[in-house]
Each structure stands twice: as structure tokens, then as C-alpha cells.
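All remarks here apply to the structure that follows.
Per-chain numbering from 1; labels A, B, C, D and E assigned in written order.
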Amino acid sequence: MLAESLALSAALFAIGVVGVLTRRNAIIVFMCVELMLNAVNLSFVALSKLYGATGQVFVIFVMTVAAAEAAVGLAIIIAIFRHKQTVNLQNINLLRG
Amino acid sequence: MTSFLNSIGYNSWILPVLLALPLVGAALLLLRGTVLRPAGATAESIMRESRRWALALFLVEAVISLGLWWSVNSTSPLWQAGFLVPWIPNWGVDLRLGIDGIAQMLILLTTLLMPLAVLGSWTSIREKTPSYYALLMVLTTGMLGVFMALDLVLFYTFWELMLVPMYLIIGIWGGNRRLYASLKFFVYTMVGSLLMLVGILYLGLQVPDAHGLPVFSYDYILANVHLSSVQQLWLFAAFALAFAVKVPMWPFHTWLPDAHVEAPTAGSVILAAIMLKMGTFGFIRYALPLFPVAAMHPTVRFLFLSLAVIGIVYGALVAMVQPDFKKLVAYSSVSHLGFVMLGIFALTPQSVQGALMVNLSHGVSTGALFLLIGMIYERRHTRLIEDYGGIAAVTPIFATILTIVCLSSIGVPGTNGFVGEFLVLIGTYRTQPIFSVIAASAVIFAAAYLLWALQRIIYNPLTKPENKGLSDLNRREIALLVPLLIAILWLGVYPKPVLEKTQAAADRFVRQIESGGNADAGPTEPRR
Amino acid sequence: MMTVPTSGTHALASTVAQFVWLLPLLPLIGFLINGTLSLLAVAKLGPDDPSAAGHDAHHDDHGHDHDHGHHAARHKFAGIVSLVGPGVLLLAFALAVAIFVAMRGVEMHEPYLLTLFQWMPVGDLHIDAALQLDPLSMVMVLVITGVGSLIHIFSVGYMQDDPGYPRYFAYLNLFVFFMLLLVLGGNYPLLFVGWEGVGLCSYLLIGFWFSEKANADAGKKAFIVNRIGDFGFLVAMFLLFANVGSLDFAGVAENAGKLPFGGVVITAICLFMFLGCTGKSAQIPLYIWLPDAMAGPTPVSALIHAATMVTAGVYLIARSSLLFSMAPVASLTVAVVGSLTALFAATIGLKQWDIKKVLAYSTVSQLGYMFIGVGVGAYTAGVFHLVTHAFFKALLFLGSGSVIFAMHRAYHATHNHDDAQDMRNMGGLRKYMPVTWTLMWIATLAIAGIPPFAGFFSKDEILGNVFARAHGSMLSEVTWLGVPGGTVLFVVWGLGLASALLTAIYMTRMMLYTFHGPNRSGQAEQGHLAEAPWIMTGPLVVLGIASAAGGWLNLPELIPIGPIGALEKWLEPVVGVATKRIAGTEGHESVSTEQMLIGIAVAIAVVGITIAITRLKPAALVTKKESPASTGFARVLEHKYFVDEGYDAAIIQPTVATSRVVLWKGVDVGLIDGLMVNGSALAARALGWLGSQLQSGQIGTYAWVLLIGVIALLSAFTKYH
Amino acid sequence: MNYDLLIPGQLLGALTPDLILMGGAMLLMLAAAWRPESEGHQRTVGFGALIVLGITFLSVLWFGAKGGTAGPGVIAMDRFRWAADIIFLLAAMGTIALGIEHNVRDGIRYAESHVLVLFATSGMMIMAAARDLMILFIGLELMSIAVYVLVGINRRSERSAEAALKYFLLGAFATGFLLYGIALVYGATGSTNITVIGERIFSYQLHHNAMLMVGIGLLLVGFGFKVAAVPFHMWAPDVYEGAPTPITAFMASAVKAAAFAAFFRVWIDAFNLVDFAWFAPLWWVAAFTMIVGNVVALSQRNIKRMLAYSSIAHSGYLLLAVLAGSRLGSAAFLFYLLAYTFATFGAFAVVATVSRAGEQGLNIADYDGLWLTRPWLAAGMAACMLALLGFPIFGGVGFFAKWYLLQAALTTQYNLIPLAVLLVLTSVVSAGYYLGVIRAMFMKPRPEDAVEIAATGKLTRVVLGVTIAAILGLGIFPSRLVRLTRSSVPTPPVAALVPQGTTSVR
Amino acid sequence: MSNQFYPLFYSFHFYLFGLMALASSLMFVTRKSPVAAAMWLVATMFALAALYIMLDAQFVGVMQVLVYAGAIMVVFLFVVMLLNLGSPADLNDMRGKWGRLLAGFVGLALVAELMALTKSPLDLRLVLPAATDVPPTGGVIASIAAPMFKEYLLAFELTSVLLLAAIMGAVVLAKKTDAR
């Protein structure tokens, strides 16, 4: 099932990417990134079948990182919402050029 | 004189001292203008003080450099007044100085012109004078360094060193379009020189020393680096571009008119008299000896001869229709420097010597022209030829000197201009008759543009009321022009001492190139 | 100045000739003194700080109006200048005479060479500052210093009221210096120094009254046109050095023989050299500057534009006779151009109204004669005509100067602003200036070729030589542009005769309109017309004598009224070889032919004068103001065949326009600066602007760009499995 | 000594400087929370942070001087690491020094901002040390998360918040790629250890393994994002502009340096053998980075944006060192990074001085005639601009940095001459905007209505003085630095790790 | 790749959960409402957790449910609610039709390129013999604990620093802006 897992991982990753490209809500974009990380996790888990439990350790680390990112990311989104009253990325383009 | 100079070890310290002195002066002057600025100083008092110090420093520089006239044995195959201190050993870069007859003349030209440049700025530069004179000093170091360096990286450093002061001099104290002109000057020069940088690097890495480190010593590269003709071609292109921009050869010349027109008087003088010479010097010292096969490849040679001749004729023709006198002189520089390039690439003893002579005499004549323009500009605040006319009636001394200088620029025999051009042309004729004949036609155009301008400035009816009140030159101005007039006549009537000094180096150059670079004639290591 | 006589063994070395360097030095000293005085007189040094001084508008200095004659007061240095200016010339003349005497005492097989210092020693090129004294240069030196002295003296009177008095003498002295350098220089480059130097002085003197645009224009034109010729001279020198290996006269003489006779090289050398001569000596196609040069003071016209400088071309060819004798085609070219110029200028001279212009075209025409002479290898004849022409043309110019002086004084007195040089404003001056009238008639007869005046002998010798060479000489045996040399020379001879006829006509016309008939200068002015002071008439008298008796310098065998062929013998060491080479063995005509030739020449001169006297009606003339514009061919002649306009339209304007529109605005500003330099800068900026437009501030866009990068990168990486 | 990294005690020993920094950061975090936020407290903590950095710096110097090697394991003990650490620490000190005064002006009173700089720096030090992709990843995240916050630390500023959001979202996006790349490389080689990866590629002939290729490609995306290489650079200008100026300086120097250090080590140690695959893509990335960075910088009016694009361009130059990939490349790389850090800090110190609260005074037009009122400031800025331009003497060490890069490029077996030529040509373009600043400062008059520039703070003065002195001093005497960087190259562990349970191919 | 035989039951469920993950992730990216999208993401995570367990990574599967779906996603939802972004009406969230099409296309291209990774077989020599069949002694947790606290001790400790920094950062950013 390794090949299938890797393929599924790639597909999920691509879906996450497509989500980033199509969505304009900052939170949803962020969630799409989370999906990408989950897809990578799947790869790690699948590979751990092959190389031992190290891959699973990586997944734990990635989860931690994701949690940390979530904390900071959501704080940032709240901060911008305070300024703009929106999280629509289309309206967030003060910095340009 | 020689024994006296030997007794004080002149040759062992003169080059570094010449380089360091202006830098020290610049630092002191800058400090005086800022941190150590006396209480209650006005712009006027600062101006008076800084110009006095600058003049004093440049006079000292000029006087001590005069010893080179005697101390340098120009017939020796060795570098003279050599100086060597390691700089960046890991990169094979050293402070390696030394000169030959050619460099000697250019150094003297530089040191002797700088006091005049200061005098030319005496009253016309009134703002930020300490910085101005400090920049002039740094510029001097850069220019002298270019003529002294025997290490390619060092050479490049000096080459670039003079760019910034000149950029600032044009950009800060220049005319209305100074921003455009200064940027153009800078970028133009940089395009060429950066490619040369790559070329220098490539050369230095060719034959590493015993420790596998690159070597950038000129002599070492000349002796040890053997390149294929394709390599030579590329490298020659990189070097030649840098120098051709500086010379400037057609079609890389368009920075020159703008830079000249916008620069303050001293800037124009230095640009024309010395900086352009660095380009030709580069060809003689670096581009040709290092890559003789490429340079003497028929196509390349033909190209450069053509560009030189195009520059000669084109510069003259375009100069003819310039409404701005400074621009006219700028284009005339293009024409004159074309002679130098023609002489170099024609590669006969006469043409090369002639090229060196044109180098010097263009420095003197064009320097004087720019000084004169500066003087009249200070009075009338216009450089347009049409704004003058008939002023010989009110400013006879100005008119007389301007006439003499113009004549020397035209190349009337008996003045310096003739000797160089004649030698270039007669030498060139032996190997490149067609080019020589086309170039000789410039004697007509030169007369046309300069005399036409002369007529419209000092002759014709004195109709403009503003011109009727013009005051003639003052004592300072006359005093600063007289040395140039003497040089004009001296070089024209009795150029032999100068020709003798450059003879050995020029002959060596010709032999070097003709023998395809592996000549044993190249100067060897400097004395330590 | 270091004097290192290299020819210490020469017979002249121990004579006064060793001071030959003093010859040019004397006028140089004069120049320096006068020049300094000139500047001292006018110098008002500016303020120490010109930029601060600004323009003080109350500076009411407008007194320096250089129009001559407006200032009654003499120059403050007039005394010392009057002493120095002509003084140095007289000293030089004295020295020249002394050297001449010394030379007569020794056998001059080879020239006396005095090397002062090395000038341009580069590799195998050795150019010394060396003076060369030989019979030819001696002749020239005598003419220059002699005629020059007279003209200097004349100038003291003529220029007396001019505010630029010291400047004038400075220039004049400088001119003599360069002229002496020209004839004394021991090699071509040094000769060239003098050559250009005299051009320079001519420039300065033509534009002496520079506040008039026309004068300044004329000076500039003279210089530039001369420069075209100098270009040729330069190329000739390059050719010489490249092919002969030397630029010394001695070296050239030694090595020129190695060149193939009549070959391309020698012909090219000679033709380029002749191009130089056409510039300096005002031949077709470069003659155009000389008539304009009359803008200078009249003594200048006499000295520079008649007697000395313009003959430098003739001197050069005589000096290079060895070369020309080896290039028959070139020699024929010289003769043909000379003859065409002679005729062409003479026709223009027919319709000029300005008295000096008439003389100017006459000079051009006579120079053509000289070139015919040296062209056909009659070097002595050419030089002979040079000398006699120096006498009578200087006289004519000075005479006209004296007329203009009188006219000007009269106009000045009555505040009339009419043209003082236009013959339509003159007439009947004989009454007021009889001395001038007499002397000018002598000169006129001389130039027309009436025996026994000087011009008759020299002109006849030239025409005779042409005729002789035409049937049986080296020249007659070659073809010139496909035409046999003999035929060419016959044509030349014919043209020479024709111009002799015209010369007689226009000279007589000039005399008639100026001195005869009723006076047209106006009632008021007539009272002020008077003969010039003695300082001006004195030199005229001397020149008159010379014009009358100059023929005795080189009498033909047919007229044995004195030493036969003195000049020919004198010049034999210099031009003898070349003359013989061209003339060949069968050079001489029979006595009867020669007699016939003389007869024809005299007849033509007489006919010309007669035609002029009978056909021209001075009484019918009206003043310049009232004259209607001429029409038809007369108009063409009056406008000098529109040659100036033609040059202007065909060469000058296109060159200037091309330079401005195509080269400067097009190539420089447009192509290189606009397209390449600023264009690339602009392109970079435009690209930058585009790039910053892409930077829209939208995270989505950024993610898109990033992803495109990802896809591109991955596609590069996935091709390796 | 040789550290056996499998023994926890020795591992900690090998991490001494990092631990000092992290410990100090934690202590300061407590200190920051100890008192209510105020300007004075912010300043106190800032000085504390400087002290912590100083101690760390000394320990790094000590390690660098003493040397020491490490056995197989997750971190390296080579001088490359210490050299990189020196750059991070210098930048961090500069950031805090500028930050203390800048915070006061902008009304940022959180002492935590300095603590976050310390955290970010410790992340960087981990990155420079990491010999394992996982460690590298966590170090990178530690750095990134801290910097995300720092960018948005000016809570009053909408721009700051926007910059933080952009940086965060795109950063997280790019992290996804990086992580996926790590996973795939792991999948292809069975290890995340850089040394082992390199060895396995060699011993198992993985040169054309597709998973490895895709993995490398994705890693390149991840690193490319962090170093702001085109086309992953789009965030940089916006974020640089929006971030508080000291943080911008920090990002332009330290963050980039850390990413590059890790990038360099991974590329040289792990993927050296598959250069055929990454060489061409990276070549093009480098070329585009130079071109886009320099060209777009030309049209900038805001000086921070301009410096952002300039920073992009410099990433392109640095990629040349990665491409050269040699020992000399490493030396040139470190040399360049150091020179660039100095120049950047000098420039941003001036920017911080000239700017005013509320993101004012950041346009190049605000520099018009600066020379007339603040000559030293203008001179300093000019030196920095010329250093960034790579100009000899006046630009000091900037020239030698470029020179070294070119030297590295021309001494490899790869044909980097076209890229070297592109480097110099784009440098010419860069003259267009660097000189623009000089031109504004020196050649234009000071506008009548120009706002007076506040006095330069003491710390800013120190930063400026030190950087300028370093730029000019090293520009005249670069020899020692050359020697140091030449000896600071990534070195493999002393005893190569032999993969267990596998048989060697040969 | 591994040519190990899998029972049909196992395969069926593997594919089932795989398809669920795929389908719910597609739903996730296409929902307009943030809340709905978040719920679909949670579904994806559950499906993935099931897959983890099927891949013998039971501990990770549990962590996935607890940490990811349970904690992280709750925080997401919390923020959505906090900012009152619940209703889709006031959001023009999605790109236009062309944007979506293009994104889909680009996504396919990306998948195609990523799929290349499956093209070359993994080198079996790399595979640890112990990991192929024999279940590790000490249970599932021990097999994870060993590398985590030995080889990756450093990484583990670093994550704690990371979390610390993140917490502090979040606090600093989310604190109420003080009045100026």
C-alpha cells in the first residue's frame, strides 16, 4: 500500500495547493496549508513502513510545528482583522509595487 | 640632480608618497570642514582656507613629483621606482607599483595639472569647498594609482577609485543637467570596467602560483599566462571595452559631451586631460601586451583602426555643429583621442610615440581650453557660442590665449598638437595608409570647427550688451594659463626630451606586440 | 638657442652665413616685442574674483571700435612699434644681403645646412630643426625681406591711426618669421611649419579688423581652404617618408632616384604636394579664399597675398623639382591647372569693381602663370616670374592702398560711408595723386608684359618654355588623361596667351576707371583727396624701379642688354638637374621661333591695352549706389562664376547639415544616446515598472507565481529519472 | 575535542552556544513578563538581550578558535557553523540595538520583541549547525515563527499586520513544499541525515531516482522561498516594507544568511553528486533572481522596498556561490554574507534614523539633500550603497565580496562565466538605484518643507559606526577575513556513518 | 515498491479511507462557508487517522485525532467564530471561474509531476530488515520513543522551544492594542 499512500499524499498535497490558489479567506488558505502538511504526514507514515518508526517521529514533530504555526498564524489573522475588519485577502493589499 | 635624488632614496618612496599625500590631505580637509570646523567660520572663510590648502598640497605634490623627470631611467627594461607590499596574499594581490617612461609622463602631467585645476576652481566653487577639494585629492590618488599599479587588481581598484569623486564632482558642483550626466558617466564607465574585472579575474586564475593561489602581478601574467586565441579574443574584448569607453572611442563616446558640459571647470579639465588618457594607457599597458594575438588579429585590428578613424572624423564633424562650446571641445576630444587609438593600433614606432605625444598635448591643450571656457563662463554664465561674439575687443588677453590654445588644438605646427598628430599619421601611413589618409582629413575639420567657434566667440561684431562689460582675465587666471602656454610651445618646438623618455617604452611595446606577446622585452620584476 | 652647425666644413660655414638663424629670429623678436606692447596697451586685467564681480553694466567700454581710421589719436606705443616693426625687417634684409654677398663668393654645389636642434627624433624618423641655405632660398629670402621691408615701411603710414597698430606689426613680423622659416627650412616638416605659420598669420591679418563679420569670415575661409591643401602636403610627406625614408631635402634628393620613374608613387607624391600648392597659392580648385582675403589691410594683401606667401607653392615645387621631374604626368597637371587658373581668374578680373578684388584675381591669374612655368619644368622661369610679380604686384597693391587711403581719408572727413574701394566711386584720381598714378602705370605695363618692364621678361620666358617643351621634351612624350603631352602643352600655351590678353585688358580697365575720366567720389570729397605721405610713396618708388628693371635679373639671350640668364645660373645648383631632365637635349628653339614668340606676346599685350582703352568709357560710369545690377554673362563674371555659392551648396552646407542632422542629432543623440544608452536604461526601467505591477499586493498572485516556479522547477527535475 | 553526538552529554556540549542563547532567551522571556510593558522595561530587556547575545558571541568565538569536531549525528561542529553563527549574532545584536531605539519611537513597548529576536537567532544557529533535515526543519520553523511575529510586532500599524500575514501565509505555504521535499528525500534515501544522504546517493547510485529528484526540487522551492529567490521572492518587498525597520534589517541579513547557510550545507554535503540535476534549474533561478531583483529595484520609490529588491538581487549573487559549490565557494559565500550583513545593517540604520513614527520618511525623496543637514549620515549611507554595489575602496568590503564570489565562480569545474558576466552586468543596473540614493543625498537640494530629522540615537550611532568601520576597514585590509573564511568550510563528520544492515555496493 | 500481499479486507478499507480523504479534501477546498470547510477538513483528518492506523502507525493515528482534529481544528473554528466569519454571504471567498479552472489545471499538473516520484522503485537495500515484518518489541509506543529520545532528542527539545516562542508570539500579537 506504499505506492498508493504516496500517490494519495501527492494528491492531497496538490488539493491543498489548489485550495491556496483559489481561496481568499485567510483562514481557509491557512487550513489548506494544514492539509498540505497532513498530506506530507501521510507520506512519512507510509515510509515508516519501510524505514522504521523514525518517520512516525517526524509526523509528531510536524504536528507540533503545525500547532505552533496555528497559534501564531491565527494570532496574526486576528491582528489583521482588528485593523481591517476582514480577512479577505483581496482587501489586504496596502503593500504593493 | 640624479645623484641628489639617489642620495635621498627618492625612487624608493616617491610613488607611495605621491599616492598617500592626497589621501591624507583629503582626510584632513574633510575633518577641517566638519569636526574641526573653526567656530564662527563662514562659507567664505572656509572656501579661502580650503582652496589655499588644496593649492599648497598639489604644489607640494607637483614639486616632489618633478624628481621623476631625472630619477627615472626610461631606457631601463626594469620598472622604475618600484614598490611592493603584500596586500591580500591569499588572493595573490599586492600593492605593486612601478613606472616606465609612458607612465612617468602621464604622472607628471597629472601632478602638474592638478594645481592648475585648483586655481581654475579658485572662485567658481563656492559651496562645500572642503569636500570639493578633498574629492579632487582622492581623484588624484586614483589617477596616479592607475598609472603606477603593476598588479591588475590594484589597477582595477584605482581605476574605480577615481570614478566616485568624479561622479560627485559632476553631480554636486555641475550644471543644470548634472544628475543625468553624472549617472551616465558612472554607469557607462562601470559597464566596461566590470567586464574587465571578470577578465582580470580570469587572467589571474590562469596560472596559479606554487601554493595554488591566483596571481595578479602584471609581470607574472605577462610572462606565464599563455592563452589560446579564442581566450585572448574574449579577454581582449572585456579589457578593450573598459578602455574604449574611457578613451572614449566611437561609439562609446556619448557620455563624454554630457559629462564635460555639466562638470565644473576643474572636472572637465581633469576628465579631458587625464582621465581619458587612462583609457589609452590601458590599451598600451594592458589590452595589447596581454592579448597581442587578439589585438593584432586582422579583423580586430581593422575594427579598432576603423573605430579610431571614425572617431576622428565623426568627432570633428559633430564638433562643428555644436552650439555649446564645452560640447564642441568634448567632441574634439573624441577626435583627438581617435588619433591616439589610431597610433596605438598602427603599431609603428612613430605612430606609438605620436600617440603618446597626442595624449600629452591633448591634455595640455584641452585642459587649457576648458579652463578658458570656465573663466568666461564665470563671467557670463553661458557656454553657448551664440551668446558671445566680438569679445576680443573687450577681453584681448583672453582672446589671445584662446586663439593660441585653439591653434594648438587644431595642430598648427610649432604647437604641441602638431607633433603628436604628425607622428601618428606618418607612422600610421607605413602600415595603414588608407586609415592614415582619412585621418589626415581631420586637419581640415579641426580647423573648421575650432576657427568657426573662435570667430563666433571672440571675433565678429560685439553686439550683445552683456558682453560689452566683460572683464578681461585677472592675474590668477593668467598665471595659471601661462604654464600651459609654455607647455604648448615647448612641446611643439622642442619635444625631444619627452620623446626620448617615452622612446624605450614605446619601442618595447611595439616589439612586444609584433612578436605576439612572448617577447623577452617586457620589463621584469620591480626592484625591491 | 643652441646652434650646432653640422656642415662645419661647408664653404659658407665661416662666413656671415653662419648667422642665418638670425634671419628668422629677428622678426620673431619683433613679434614678441610688438605683441607684448599690443597686449600691454589694451590689457585691463579683470577683478580677482570674476564670479563675484558679476556684470557691472556701467562698465561703459565700447571705444574699441576697430574700424580703421576712426581714431585720430595715434597709438601710445606707436613710436616704438614703428621702430621695431620695420626695423627688424630692415636688419634682416641687411643680413640677407650680406649673406647673399657671401654666397656669391663661394661655389654653391651643395646647400649650407645649419642644424639647430633635433626636433622629432623617433625611431628611423629624424626631423631636425635645420636651416638650409642655397641659391633658391636666398632668392626667396631677399624677396621676402626686401619687399617685406618696403611694405612694413609703407604700413607705418597706412596703419598710423589704427588702434591695433602694435598688433598689426606683431602679426606682420610673425608672418615674416614664418615665411623665412618656410624658405629656410631644411626639410619638409620644417617647411610645413612655415607653411602653416604663414597661413596662420594670413588668417590673423585677414581678420585683423575682426569686428566685421565679413573679415572674420574671410580669415577663417582662408585658413580652412589652406588646410585642405595642407592635407595634401601632409599626405605627400607621409608618402615620401614611407617610400623614400627621409623628409630632409638632402635625403630626398639622395634617395628619390630609387623610386620608379613616372611611377604611381612619385606621381602621387607630386600630386598631393601640388594639392598643397593649390591651397597656399590659390589655384583651382582652392583659389576661392584669395579674393576674400582682400578683407585684410592692403599692405597685408601686398605682402602676403601677392608677393610672398601665395608664392610658397611655386617655391615648394621648385624646391621639389627633382621629384616633379620624375613625374611628368604630375608636372603636366601642374601646368594645366596653372593655365586654367590663369585664364579663369583673368576672366573674373574683367568684371570686378573692387579695386583690390581686381588685383586679387590678377594675382591668382599670375600665380597660374608661375605654375605653368614650374609645371613645364621651367623652374627658373617660374621663380623669375615670382620675383618680378612680387615687385609689380606689391607695387599695385600698395598703390591701390594709397588710393584707398586717400579715398578713405576723404570719406572720413566728410562722414561719407560709401565704399572706398569700389572703382565706380573713384575716377580721375590722376589729378590728385600723380605719383601713385605714374607708378601704378609702370606696374600695369609690367604685368601686361610690355617691354622692357619686368613682367615682360618673366612672362615671355614662361610662355617660351611652354612652347619649347610642347614639341620635344620629356613632357611631350607622355600622355596626360589620354591626351599627348605635346598637345596639352600647346593648349597650355594658348591659354597662357589668352590670359595675357585678358590681363592687359582688366589691368588697363582698372587704371582707366581709377585714375582717368571724371571723378565720381563726390563734390565734398574732392577737396580732401590727396597724395599719401612720403613714408608711403617712398616704398612705392622703390618698387616702381624694381618693377621696371626687374627683367634684368634674367635676360634672355635674344635681348642682350645686360647679363644673360643671371638668375638661371644662380639657381642652376638647385633646379638644374631637374630642368635638364625635363627639357631633354633638344630643349632650345631656333632664334626665329623665339623672336616670333616674343612678338606674339608683345602684340597680345598691346592689343589688350588697346581694346581696353578703346572699348571702355570711364566717363559713362556711375557710382556704385546708382549702378544697376549687371545681367547675363557679366553677372556670372561679377559673381565669380558662382563658385563660392557652388562650394557652399555642394560641400559646406551638406557637410554641416549632415553633421548636424545625421551625425549629431541622428547618430549621436538619436541612435547611440537615445536608442542604445537611454533606450536600454528606459527598457530596464520599463521592465522594472512591469515587475512592480506584477507585485500587486495580492497574496493570491504571489502564491500563483510561486507555484508556477514550482511547476517549472519540478519539470526540470523530473526529466532526470 | 571530538564530540560523540550519540551521547547526550556531549551533544549538549556541542550545542553550548545555542543553549546559552536559548536559556538566555527563556530567562528574558520571564523577565519580560515580570513587569508591565513600558519603554524603560523594553529597554532593559533589550540590553539584557544584548548581553545574552554577547555571551553567546564569545562562546561561539571560543568554539571557533578552539575548533573541535563531531562524530556522526544531527549537528556539525565545523567552522562553517561558527562563521555563520557569528553573522547571525552580529545581525541580531544590530537588530536589538536598532530595535531598542526604534521601538521607543514607534511606541512598541513589548519587551518580548527582543526575546523573539533571540529565539529567531537560536533557530538560525540550529539551522547552521543542522546536519539532519529534520533538525534543520525545526530550526527553520523556530526562526520563522519568531520572525512572523516580529514582522507584525508593531500592532498599531496596519502595514505591519499585513506584512506579517503575507509572510506567514506564504511562508507556511512554502514550508509545506520544504517539508514534502524532506519527506521525499527521506523516502528515496531512507535517511534525513545530510551526510548519510550524500553517501547513499553515491553508494546506491540514486542519481536518477525520481523520488529524490522531486524531493530536491521541492527542497529548492523551500530554500528559494526563504532566501527570496525568483520566482519565490514575491513576499519579500511587501514584508520588508511593512516590517519595523530593524526587523527588516534582521530579515535581510540574518534570516537570509541562515537560510543560505542551511541551503549551502545541504546542497554541498547531500546533493553534490546530483549536480547535473539541480545545476541548470538553480542556474536559471540565480539568473532570474539577479535580473528581476535589480531591474525591479530601479522603479522603487520607497527605500525599504528598494532595499528589499536589492536583497533579492544579492540572493541571486549568493546563489552563484551555491552553484560554485566548492571550498572556495563556501569561503566566498561566508565572506559575501558578512559583507552584505554589514552593508545592509548600515543602510537600515540610516533608514531607521531618517524615518519617522508611523512609517513616514521612507521614500527616497526624503533623502534629498541629506548631506546638507546630516553629512555623516549621508556619508555612511553612501558607503553602504557603494558596498552593496560592490565598489572598491568607497564601498569597502563590498567589492572584495563580489570579487570573491566571482573568483569562486571562475574556479569551479562548471561553466559559470556567463553567470559571472550576468552578475557584473546586473551590478551595473544596480548602480541605477544605489546611485539614486547617493544622488538624492548629495546632489539634490534639501526641500524647504523637509521635516527635520531627529537626532541619531546612541545605539544607532554605534551600529552605524561599527558597520561603516567594518565596511571600510575590511575594504582596505580584507586579508584576515579572507583567511578566516577560507578555513571555514563545511566538513563531514570525523567517522563516516556506515549505514547499518546494508551491504556496500562496491 | 513493496510487493507484499494484502488481504482484500485490508485493501478495501485502505482504498475506502483513501477515497474518503480525497473526497472530503475536495469538499473542503470547494466549500464557501469557512465552518463547512473546516468540518470537511476534520473529516479528511479522520480519514487520514484511519489510514495511519492501517499503516501500523497507531500512535500517530491517535495523535492525529487528538491533536490535529481535536485541538488545532478547534482553534481554527474558534477563530472563525470569534471573527464572526461564519456566513458565506459576506465573503467573496472564491476566485472566479477562470481562476478556479486554471487552479485546477495547475493542480493536475502538480500532481502529474509529483507522481513522477512513484516511477522509480525504491531501493530495497535501503530498507531496514527489522522494519519489514517483525513488529517491534515493546509495543507501538516504544518503537517511536526510541528514535524520538535518542537520535531526535535534540529535535524533541527544540520543539519545546518552538512552542514556547510561538505561545509568546501569539500572546504578543493577540493582546489588545493599547490606546495610543
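Convention: a contact is a pair of C-beta atoms (placed from the backbone, for glycine too) under 8 Å apart; a residue touches a chain by one contact, two chains touch by 3 or more.
Remember, it's a predicted structure, so these values are computed and weren't measured experimentally.
Counted as hops between touching chains, the shortest connection from subunit A to subunit B is 2.
At the centre of the protein atoms shown, by the Cα-centroid criterion, sits B.
Just to note, of A-D and B-C, the chains joined by more C-beta pairs in contact are B-C.
Averaging Cα atoms per chain gives one point for each, and the point farthest from that of subunit B is the centre of E.
Chain centres computed from CA atoms place C at the largest separation from subunit A. A straight line joining the Cα centres of subunit B and subunit E is 70 Å long.
For the pair subunit A and subunit E, the distance between C-alpha centroids works out to 8 Å. If each chain is reduced to the centroid of its CA atoms, subunit B and subunit D end up 43 Å from each other. Taking each chain's centre as the mean of its C-alpha atoms, subunit D lies 31 Å from subunit E.
Contact of a single residue of subunit D with at least two other chains is seen at positions 134, 138, 141, 145, 148-149, 152, 155, 164-166, 169, 173, 184, 187, 190, 208-210, 213-214, 237-238, 300, 432. Shared contact sites, meaning residues of subunit E that touch two or more other chains, fall at 95, 106, 110, 113-114, 116-120, 122, 126-128, 130, 151-152, 155, 159, 162, 165-166, 169-171, 173, 177. In subunit A, the residues that touch at least two other chains are 6, 13, 16-17, 20-21, 24, 29-30, 50-51, 54, 61, 65, 68-69, 72, 75-77, 79, 82, 89-90, 92-97. Applying the touch criterion to all chain pairs gives A-C, A-D, A-E, B-C, B-D, C-D, C-E, D-E.
By the touch rule above, subunit C contacts subunit A in their complex via residues 692, 695-700, 703-704, 707.
For subunit B in complex with subunit D, the touching residues are 34, 87-91, 153, 156-157, 160-161, 163-164, 167-168, 171-172, 178-179, 182-183, 186-187, 190-191, 194-195, 197-198, 201-202, 205, 214.
Considering their complex, residues 681, 684-685, 687-689, 691-692, 695, 697, 699, 701-703, 705-706, 708-710, 712-714, 716-718, 720-721 of subunit C touch subunit D. Remark: subunit A residues 6, 13, 16-17, 20, 26, 29-30, 33, 36-37, 39-40, 43-44, 47, 50-51, 54-55, 58, 61-62, 65, 68-69, 72-73, 75-77, 79-80, 82-84, 89, 92-97 touch subunit D in the complex. For subunit C in complex with subunit E, the touching residues are 700, 707-708, 710-711, 714-715, 718, 721.
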